[in-house]
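There are structures below to look over.
Shared chain: chain A. Partners: chain B in the first complex, chain C in the second.
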Partner chain A sequence: MTIINLDHISSNPLLPEVKTAMIEAIQMDYANPSSQHKKGEQAADVLESARESVAKLINCAVAKEVVFTSGGTESVNHAIKGVAMANAEKGKHIVTSNIEHSAVIRSIRRLKSLGYKVTSVSVDEYGQVNPQDVADAITDDTILVSIMHSNNVTGTIQPIEEIGKITTEKKTILHVDAVDSVGVVPIDVQALGVNLLSFAANPFYGPTGVGGLYIRRGTRIFPLLDGGVQENNKRGGTENLIGIIGMGVAAELARRNMDSRLLHTFKLKEKLLEELPNYIDEYIVNTHPEFSLPNLLSISIKYIEGESVMLMLDDDNIAVSTRSACATGSLRASHVLLSIGLSHADAQGTLVISLGIDNRQEDIMAFLKSLKKVVTTLRDISPLYKKTSRV
Partner chain B sequence: MTIINLDHISSNPLLPEVKTAMIEAIQMDYANPSSQHKKGEQAADVLESARESVAKLINCAVAKEVVFTSGGTESVNHAIKGVAMANAEKGKHIVTSNIEHSAVIRSIRRLKSLGYKVTSVSVDEYGQVNPQDVADAITDDTILVSIMHSNNVTGTIQPIEEIGKITTEKKTILHVDAVDSVGVVPIDVQALGVNLLSFAANPFYGPTGVGGLYIRRGTRIFPLLDGGVQENNKRGGTENLIGIIGMGVAAELARRNMDSRLLHTFKLKEKLLEELPNYIDEYIVNTHPEFSLPNLLSISIKYIEGESVMLMLDDDNIAVSTRSACATGSLRASHVLLSIGLSHADAQGTLVISLGIDNRQEDIMAFLKSLKKVVTTLRDISPLYKKTSRV
Partner chain C sequence: MYNKTVMDHFRNPRNVGVIEDPDGIGEVGNPLCGDMMTIYLKVENECIEDIKFQTFGCGSAIAVSSMLTEIAKGKTIEAAKRITNKDVAKALEGLPKNKLHCSNLGADALQMAIKDYEDRKIGKTRPAPKRVDKHEHSHGDKCYCPYCDIEIQEGATFCDACQSSLEEEH
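So, the complex of A and B:
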C-alpha cells in the first residue's frame, strides 16, 4: 500500500541516514552515559556529540544549553512550569497568544489553577501576533512570555525577533515553542533573543519521542523531571540514547540541507496554491502569504467538513490532516481557526496539507484530482452548499 | 574490547528480539498514532499492542491503566507531583522512606519548597522499611505514601504488600517506585494494592528512555506533561513508538522467561557470595539475605574506596558500579548506605555488583580474581588499612 503523505506535520518519515545511525546504535548496546567506567564514557561521548549537532542547528554557542527531552510537549511543559515555579516570588503573570499548541495552553491552564494570571493576546486574520500587544500586556508582575514560532494549523510564523527585543528590554523571560520550525526554517536562538526554545526531532526527519529545550545560561528555571544529575542537572532520567543519536544525525542533515529542502517544499506549495483554483472553488487560504512555513498550507473549503474530506482522501491513499494530531478526538473546531476569525462552519471545512522532502509534483497533482472528486461528492450531499451557494 | 558487564543496574543490553523489533519499527516509518487516517490507525494498533504486553507483565487487568513515559524518572515525577497537585485541597502531607532513589527524593524536595510536609521513615540494617512505621506516619493530612519496591544500591525488597494493606485501609494513595523490580521479579499491581507504580524498560532488557506508569482507575492525579490527548489524556506528547515497541517485546519476554532468569542470576549471586570470602576479607554484605533482588549484591570493602576499585576493575575490562549512575558526579557517600547504618568510611568502600542473563560463571570468577588483586593493591597503599587493621 503506497500512501501519498501530505500530513508531514503529524509525522515525518525518518531519513535513511537517521535510520542507519539508530540501527547502529541499537546494535552497539551503549552503556549508561552516567556510568564512570569505559563503556559509560563511550556512551557519554556519543551523547555529547549529538548535543553539539543539535546546538549548531539553532546556533546555540554553548552546547550544554541544550537539554534533551522526550519531545516538544515535555520541552514546553519544562519551560513554562519550570519558569513559573522558579519565579513565583517575583510574580505570577504570564503573557501568551490565542493560537498556541495544546501543550502551551494546557501547561498555562494548569498554572492558572495554581493562582497564576494570564494575558492572552489575539492575532490577525493570518494568525499573526502584533508585538506591540505583547509589549502592552507585560506588567511588573510578568515572569514569562510564551509565543510560538510557527503555528501547526495555519503555518503562520510569528515576529519573534521583535518580541525578543521587547522581552529583552523589559527583562522578561521569553519562551518560544518552535516545534514546527526548528530544522524546517532557519532558527537562531541568539538573533531571536529567546531565553527558552522548545523543539522536537521529528519535524526534521528524526524520531518521535525525542526533543530538546534550549535554556540560555542564567535563565531562572526549575527542572520538570527532578532526579539524577543527567543533562547538566537540568533533567533527570537515563537518556533515550538511540533516539538522541537519531536526532543528532537529523540535526546535522537539516542544517546542511536547509536551503534545498526549503526550496523543494516551497515550490510544491506554490504549485499547489497555483493549481488549487483549477480544481475547487470557494475556499479560504488561512496561511500567511509571506510569513509562513514553506511546507504547510491550510485551507478552509466552504460548505463541507474537513473530517469527511480527510477520510475520503484516505480511501484514495492520500494522508492529510484537519487539525493538530494532538487534538484528535476533540470534536470542537480548532481554537486557532476561530482565533483568525473563521466561522465555526468554515473552521470545520479546514484541511492542513503539509509537505515533505519525499513529496513530488505528482503527489500534488494526485491530491488535487482526488480533492476535486471528494469536494464535488460532499457538496452534492451538503444541504448547506445547496442552500447557501447554488439556489 | 570485551567487557564483563557486572553493572546491569546502570544499563542492560537489549535482547536480540528487542533489537529486531526496534529495527523493524525503524524501517516501518510508522505514522503518528493520533492521526486519523489509515497510517495513523496502523500506528495506534501497534502502540496498543505494546501496552497490552506491558500491562500483562504487572498483572494490570485494564491495559489503559498503563501510561507510557520517557522512563522511570518521568513516571516517578508524574506520580508524586501529579498526586500532590491534584490533592492539595485534601492535604499536603507525604510519607516516604530514607532510601528512595533521587527521582523520588528530589520530586518530594520540590514539593517541600511549595509548602508540602514530609515524613521519611527509617530503615533497618538491610534497608527494610517497617510497615508499622508507615502506618504510624500517616495522618489525616496525608495524601500520598511513596515507597520503592527494591533499592538500586542494596537490592533490598520492601514489604509493599503489607504497606498496601495499610494505605488501602487508610484510603491513602500509594505510589511504588518499582523501576528495578518490574521485569526482574514478579510484580502484581493488584496483589500489591498500589495506586501508582513506576517502572522502566531497560531493567528487563528494553531500551533506555522508555518507561511506564501504572495508574489505577479512580486515582486522583494530574498529568505531568500537559498537552495533547495522547495516552488516554494522561500524558501529552507524540509517543516514542520505536522505544515503546521495544518495551512491549521486552515485557512479553520478561513475563515468559521470568523464572529461568531469576534462577540464572540467583545462582550466580549465590556463587559470588559463596566464593567471596576465598578472595577478600573484611567486607560487609549490605544486601538482605532473603528479601532482595536476585541479580544485585552490594558489599562494602573496608579500608579502601569503592571508586578506586571500580576504576581499577575497569582497567581489567570489568564494569561494576559504586552507587546509582544517577548520582554520578556527587562525591558524597550514598544516603542509602548511611541510612542502613554504615559509617562514612565503609560507605565509601561500597561496590554494587549487578548481574544479568548474559553473565556466566566465568564472569564471576574473573571478577573475583581481579577484585582480589585490586583490593590487595589498594589496601597496601591505604593508611587506614595499616593503621586500623594490621598494626
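So, the complex of A and C:
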C-alpha cells in the first residue's frame, strides 16, 4: 500500500544517507564524548563535526553557538525559561505573538504563573506580526521577545529581520522558534539579528528526538537541564550522539540541496494553488501569498469539518493534517486560526497540506481528485452548506 | 482512533438528507466545538416512519447521527423519547472519551425534533434552534479535563494532572 504523504509538517522520513550514518554510528559503539581517553576523543570529534554541519546550516559565527537538545520543544523551553531565570533581576516582561506554538505559549504561561508579565501582539489575516507592534510592546522591563519564524498552521513567515533590528536597538533578547523553517528555507542567524533560535532535525529529514538551540555568544541564559558541563556548560546530560550524527548528515544535505528542494516543493505548491479552484469552491487560503514556507499550504474549506475530510482522504491513502477543533485534544478551535480572524465554523474546515521532496505532481493531482469527492460527500451531509445555498 | 462500527457509520452514513414537509425538525449546534446537527422526522400514527439527518462535524458526530437515526427509525414517539446518548454510544460500541459529547448532540437533536412534532400537533410554532454557548456537561454528572481526560472537580480552574488552565472552560 502506497500512502501519499502530504503531512510533512507532522513527520518526515529519514533520508537514506541519514539512516546509513545512524546505523554506522550504532555499530561504532561510541564512547562518552566527555571522556578523555581515545574512544572518548573519537566520540567528541564526531560530535563536533556534526555541530559544524548544523552551525553552517544557520550560519553561526562559531559552531559552539549550537547547543544540541532533544528537539524543538526542549529548545524553546530552554530559551524562554533560561532567559527568564537568568534575567529576572533586570525585568519580568516578555513580548510574544498570538500565534506561537504551544511550546512557546505554555512556557510563557508557566512564567506568568511565577509573576512574569506578558504582552502578546496580534497578527493580520495571514498571521503576520507587524514589527511596529513589537516595538511598541517593548518596555524598560522587557527581557525577552519570542516570535516564531514560520507558523506550523498557516505556513506564514514573520518579518524576523525587522524585528531583530528593533530588539538589537532596544537591547532586548530575541528568541525565534524556527522549528519549521531551519533546513527548509535559508536561515542566517547573523543576518536575522536573533540571540536565540530553536530548531529540530526532523523538518529537514533528520531523526526525531534531536534538535538544537542557537545561543549567540554573550547571551545571558541559564541551562534548562542542570547537570554536567556538556554542551559548553549549557545543557547537562550525555549527548544523544547517534541522533546528533543523523542530524549532522541531514544538515549537510539540507544546506547543499536547499535550492533544489525549495524549488521542487514550491512548484508543487504553486500547482496545488493553481488547480485547487478547478476542484473545489468556497475555501479560504490562510497562507501568506508571498511570505510563507515553500512546502506548506493551509486552507479552510467552508461548511465541512477537517477531521472528517482527513479521515476520508486517509481512506484514499492520502495523509494530510487538519486543525479543526474536533481533531485536537482540547476540542477548541486553533488559536492561530481564530487569531487570523476565521470564524469557529470556518476554522473547523482547515486542512494543512505540507509537501516534501518525496512528493510528485501526480500526488497533487491524486489529492485534488480525492478532495473533490470528499468535499462533495461531506457538503451533501452538512446542514450549513444547504442553508447557505438556499439563501 | 475510532472502532470499526464508528468508522462504518462514518463511511456509509445511513439516513442522510432532508425530509420535505417534515412533521418535526430538531436543530442543535455547539459553536465552541463546531458540530451542528439537524434531524428531520416523518411521523405516522405516532410512529417514526422516516428520519433523516444533516451534520456538520467530525467522524464521530457523523457516526452518531447515522446510528441515532437507525435506532429511532420505526420506533413509536414514546419509545423514541427514551433514547439516550448512552444508547447511541453503546450501539456504536464506544467513542473516544473526548468525543462523547458528540453523542449528546445526537440525542438532543432527536428530542428537539420530537418536541417540535408535539408542538406542531397542538399548533405551537417551532422553537428557535438551541445554541449551546457555554461549557456544558457532556459526560453525565462527571467533569473531565478537555486536555488530558482526567476526571476533575466541577468548577476547577486548573487541572492538577496536566497543569492546564481551565478558566475558559468553566
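The criterion applied here is as follows: the second predicted complex is superposed on the first by the 384 of 391 C-alpha atoms of A that agree within 3 Å, B and C clash if a C-alpha of one lies under 4 Å from a C-alpha of the other, contacts with A are read in each partner's own complex, and residues count from 1 in each chain.
In this text, a residue touches a chain if its C-beta (ideal position, glycine included) is under 8 Å from a C-beta of that chain, and two chains touch if they have at least 3 such contacts.
In this text, all values refer to a predicted model and were calculated from it rather than measured experimentally.
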>> Just to be sure I read the superposition right, which of the two partners does A:109 touch: chain B = first, chain C = second, or both, or neither?
In response: both
> Thinking of the overlay built on chain A, is A:308 touched by chain B (first), by chain C (second), by both, or by neither?
Replying inline: second
>> Let me test your reading of the model: by the given contact rule, A:372 touches which partner, first (chain B), second (chain C), both or neither?
In response: neither
>> In the overlaid three-chain picture, which partner chain does A:243 touch, first (chain B) or second (chain C), both, or neither?
In response: first
> Where does A:35 make contact in the superposed view: on chain B (first), on chain C (second), on both, or on neither?
Replying inline: first
> Given the superposition on chain A, which partner contacts more residues in chain A: chain B or chain C?
Replying inline: B
>> For A:7 in the superposed arrangement: first (chain B), second (chain C), both or neither?
In response: first
>> Which partner chains sit in contact with A:382 here, chain B, chain C, both or neither? Use first/second/both/neither.
In response: second
>> On the A-aligned overlay, A:255 touches which partner chain: chain B = first, chain C = second, or both, or neither?
In response: neither
> Which parts of chain A are touched by chain B and by chain C alike?
Replying inline: 109, 307, 311, 324-327, 329-330
>> Under the definition above, what is the set of chain C residues touching chain A in their complex?
In response: 7, 10-11, 13, 16, 18, 27, 31-38, 54-62, 98-99, 101, 146-149, 165
> Which positions of chain A touch chain C when the two form their complex?
Replying inline: 109, 303-305, 307-308, 311-312, 315, 324-327, 329-333, 344-345, 347-348, 380-384, 386
>> List the residues on chain B that touch chain A in their complex, please.
In response: 1, 3, 5, 7, 10-11, 13-14, 19, 22-23, 26-27, 29-32, 34-40, 43, 69-74, 76-77, 85, 101-103, 106-107, 109-110, 114, 200, 202, 207-210, 222, 224-230, 236-244, 307, 310-311, 313-314, 317, 319-322, 324-330
